[in-house]
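Across the two complexes that follow, subunit A remains constant while its partner is subunit B and subsequently subunit C.
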Partner chain A sequence: MNVIEINQLTKYYGKHRGIENVTFSVEEGEIFGFIGPNGAGKSTTIRALLSLIHPTSGSATIFGKDCIKYGSELRRDIGYLPSEVFYYEHMKVLEVLKYSASFYDNVNYTRIQTLADVMDLDLNKRIDDLSYGNKKKVGIVQGLLHEPKLIILDEPTGGLDPLMQQKFFDLIRTENKKGATVLFSSHILSEVQKLCGRVAIIKDGTIVKIENIRDMQKHNYKKFTLEYSGVIDVHHFNLDGITNLTLDKNTLHFLFKGDINRIVERLQGQALLNMLVEEPSLEEIFMHYYQKED
Partner chain B sequence: MNIFKKEMKANVTSLIIWCCAQVFIIYAGMMKYQGFIDSHVDMSKLLAGFPKEIMVIFGVGSSLDLTKVAGFYSVFFLYFMLLAAVHAVMFGAVAVSREERDHCADFLYAKPIRRFQVIMPKLIAGVINILIFNMVTFGASVFFISLHNNGDGMFNQVSLTMLALFILQLFFLALGAMFGAVLKNTKLATSVSGAFILGFFLISVAVDLYDKLTFLKIFTPFKYFEGSTLMLDNQLSFTSAVILLIVSVIFFALTFFAFNRRDLKT
Partner chain C sequence: MNILKQELRMGRKSLIIWCLSLAGILVLFMLIYPSISSQLEDFQKVFKSFPIEFQRALGIADLQLNTILSYYQFPFTYILLAGAVQAMNMGVAVISSEIREKTGDFLFVKPVTRNRIISMKIMAVLVQILITNAFVFVAALITVSILSAEPYNVKLFVLITSSLLFIQIFFASLGLFVSAFLRRIRTVLPISMGVVFIFYIVFLLNETLKDDKLGLISPFGYFDLSELSKTMNYDSLYLLLWFVLVGLFIFLTFRLFARKDLPSI
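Let's turn to the complex of A and B:
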């Protein structure tokens, strides 16, 4: 069953493009990555899902129900962490969290303390005294305290130190194991790589690709580094499946997706000093999606 | 209930300040009345020496008997209207757009509530705030009038004046709320609201100054009720009240409609 289904979703702010024909779906129980550079339309998509903004055209459903029409009902089961975390500044952390909890039925108030302990958050501080990272923690706690079935995280890790990030990821994994579906938006690929099963890549307001992370990483791409003793003929590697080809003095770097024997064939008779074949990071795989077309 | 409480709490300091200012104005105003009476100057002669324009702007344009406490007090109505209008319009504009101004709209509106369930308690808090402001004005008026009027607080006339004031307050609350819902941000909403109050006031002055402009009366809420009619004749224009209430209802409806369709800012 699909928890989120987005169909040809388009949002224009006047003439300014927000997103265009975004289509993807998130299955129940998965951690779905949503990745793209700043301004690509991640937040726009998410905010339309929460009916904070109204789409220009297209539709989106959550738990099979239209997300605008049944917005308030659906939001009972959604936990949302906005990318920019702001709360009523003069309130204390505990007040904000209690205020947040007051909007849901049957909230277990001891969970506030439990989550705050995990995230190492001081409940008695005023919001305006908190650092950016600590405000994020407040966001994380308020997003999770009603044990939502769908967790939507918009760039959740900004400002968190590596240790906190780890704790946060563990928290998300625990919620996921308990049955929560997660939509995780980020512009940092390595964190998506750690957590997500599938990923949608958005660029300039449109979805470029939806892939299964592990498949693409393990079975498809190899990162080659070839060091030559003499002059390198780049045209020699004019092959289908080669991307990100760069030449650095006597060293050639590229990514290759396909039958590895075809590369080996090309290497015969070449004077190599060194050769490395590695698993590429997602950053490297996705780099060409990130670079803006001219 | 939680949103209502939050809104009341957010406004408690400003309400206290507004009420104190209002009490002080009434106190100081009635002190002047005492000074007036004690000086035994023929006020009508003295005032006749002033240009009409000045008199109109200060709300003593018509031939009022300022030596009577009711006549003197009726001049206050202009100031009450102006103050109450600013208070109500600001409340409406800020309440509706507060979360967007403070960048916490994503926090509030991602909760399982409909937009009208946010706006409604905010507006109810607004009505209660203007009502408290009105009641404080009422209490202070009766108290200070009675001090200078041999213990007679003119309860009936002041009640009627306050009823008129409350209808105006409702109108301005609705106007502010509508601007808060329609316009881009709080700053723009409060600026436009302020401009409207100034515009209404200038029209009311123009109407008093030039007979030819009397037809403009319907465009300014400040001309729907006259302090002298309320205090001296003990009469409240029923037509004015109905028109203002209907317009207020329309503005409130537009507030809900516009806010429901609004794209919230982060």
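Let's turn to the complex of A and C:
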């Protein structure tokens, strides 16, 4: 069964494009990644799902019901964490969470405490005394306290330190194992790779591709930067799977897809000053999608 | 009910300050009455020597300063003005604050309809207006009763004092409509001060012009205190107009807000 079904969803802000003909669906029980650079339309899609904005055309259903028409009823089972969290400044964390809980039936108050303990959040602080990361933790607890069946995360990891990110991912996995479906939007490919089964890639308001992470891993790109002491023989790297090869004085950049050992073989006996192997940025990955289409 | 409770909690401090200031100003003004009541005849002579246009603009053309209630009208005009600003502030801010403070992404993803959120917020404004009026009414009643040496016209007192309620409800609903109409409101006070004073100036202007059509524009004219003391009742045409306009503003607030996109943060 599909928990979310988005069909030709289009949103224009006046003449300004938000999204165009976005179509994809999220199956029950999966963690679905939604990636794209800033301004691609991730938040617009999500905000339409939550009926915060009204689509220009197209439709979306959640649990089989139209997300605008049955919005309030559907939101009972949705937990949402926005990319930037804002709460009533003069309230204490616990007051905000209790206010949030008062909108749902049968919220177990020990759950607030449990979630806060996991995320290491002080419930007695005032919202305006919290750092960005701590506000984010309030958002996480607030989004999960009513045990939603659908969790929508819009770039959730900003402001969280790596340890907290890990705890947060564990929390999401636990909820997922308990049966919650997750829509996870991000512009960081590696965190989507860690968590998600399938991903939709959005750019300039349209869906570029929907893929299994496993398939994506097959085109597991690495970005190499090699700094030489002497002259570089570019032909030395005339290999299958190497793209975007650029030479800058005595530094060589390229992207490589394939068995990494083949690069290591080539490097033997070379006089290197420095070497960097990095995950390519999402933009660089996107470039490949476009190049493939050309 | 949780939204109503939350709104009242958040507005608590400002409500207390408004109540105390409104009642404070009124009582303070009234306390001057005993010391000048003996000289009121002289005041009236001075006023009568003013040009008639000037008298009308000041609202003293038909003034009889020989009773406490005719004096009471004076400070109460300013209470109406300040009360209008308070009410319009609440009307403009109650929904737009969710967008300005960016808490809309919290409230509007809760399992409640927009109409319900708006009804609860309007209810919160109404409750705060009622509290303000009750507070001012009691403070005024005590003050007038203590200061008045002889019995005064209770009906006129109630009519004058209740006009605050009508004025406040009018400006609150106007404020709600403005907040639904404008895309994004950065600051509330300039809007409400501006609108209230423009209406007040129109009212003052019409006091000299005495134009019937112009009189329809300003709600301050609907509850003209100097008229009240003559007719001893609210004008039924103005009351009807008040009712229609308040209804229209509230209706449009719901209507416009149902289709509004919440701007992303």
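Throughout what follows, the second predicted complex is superposed on the first by the 217 of 294 C-alpha atoms of A that agree within 3 Å, B and C clash if a C-alpha of one lies under 4 Å from a C-alpha of the other, contacts with A are read in each partner's own complex, and residues count from 1 in each chain.
The rule is short, and it goes like this: a residue touches a chain if its C-beta (ideal position, glycine included) is under 8 Å from a C-beta of that chain, and two chains touch if they have at least 3 such contacts.
It should be emphasised that the depicted structure is a prediction, and the values quoted were computed from it without experimental measurement.
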Subunit A as common anchor, with subunit B and subunit C clashing or fitting: clash
For A:Lys42, is the partner it touches subunit B (first), subunit C (second), both, or none of the two (neither)? neither
Per the contact definition in the header, classify A:Ile78: touching subunit B only (first), subunit C only (second), both, or neither. both
Would you please give the residues of subunit A that touch subunit B in one complex and also touch subunit C in the other complex? 13, 43, 47, 50, 52-54, 71-76, 78, 80, 82-84, 86-89, 99-100, 102-104, 142
In the complex, the residues of subunit B that touch subunit A are 2, 6, 102-107, 109-114, 117, 261, 263-264, 266
Per the touch rule, the subunit A residues reaching subunit B in their complex are 13, 43, 47, 50, 52-54, 71-76, 78, 80, 82-84, 86-89, 99-100, 102-104, 142
Complex contact set, residues of subunit C against subunit A: 2, 6, 10, 101-106, 108-113, 116, 259, 261-262, 264-265
Subunit A residues within the subunit C interface of the complex: 13, 43-44, 47, 50, 52-54, 71-76, 78, 80, 82-90, 99-100, 102-104, 142
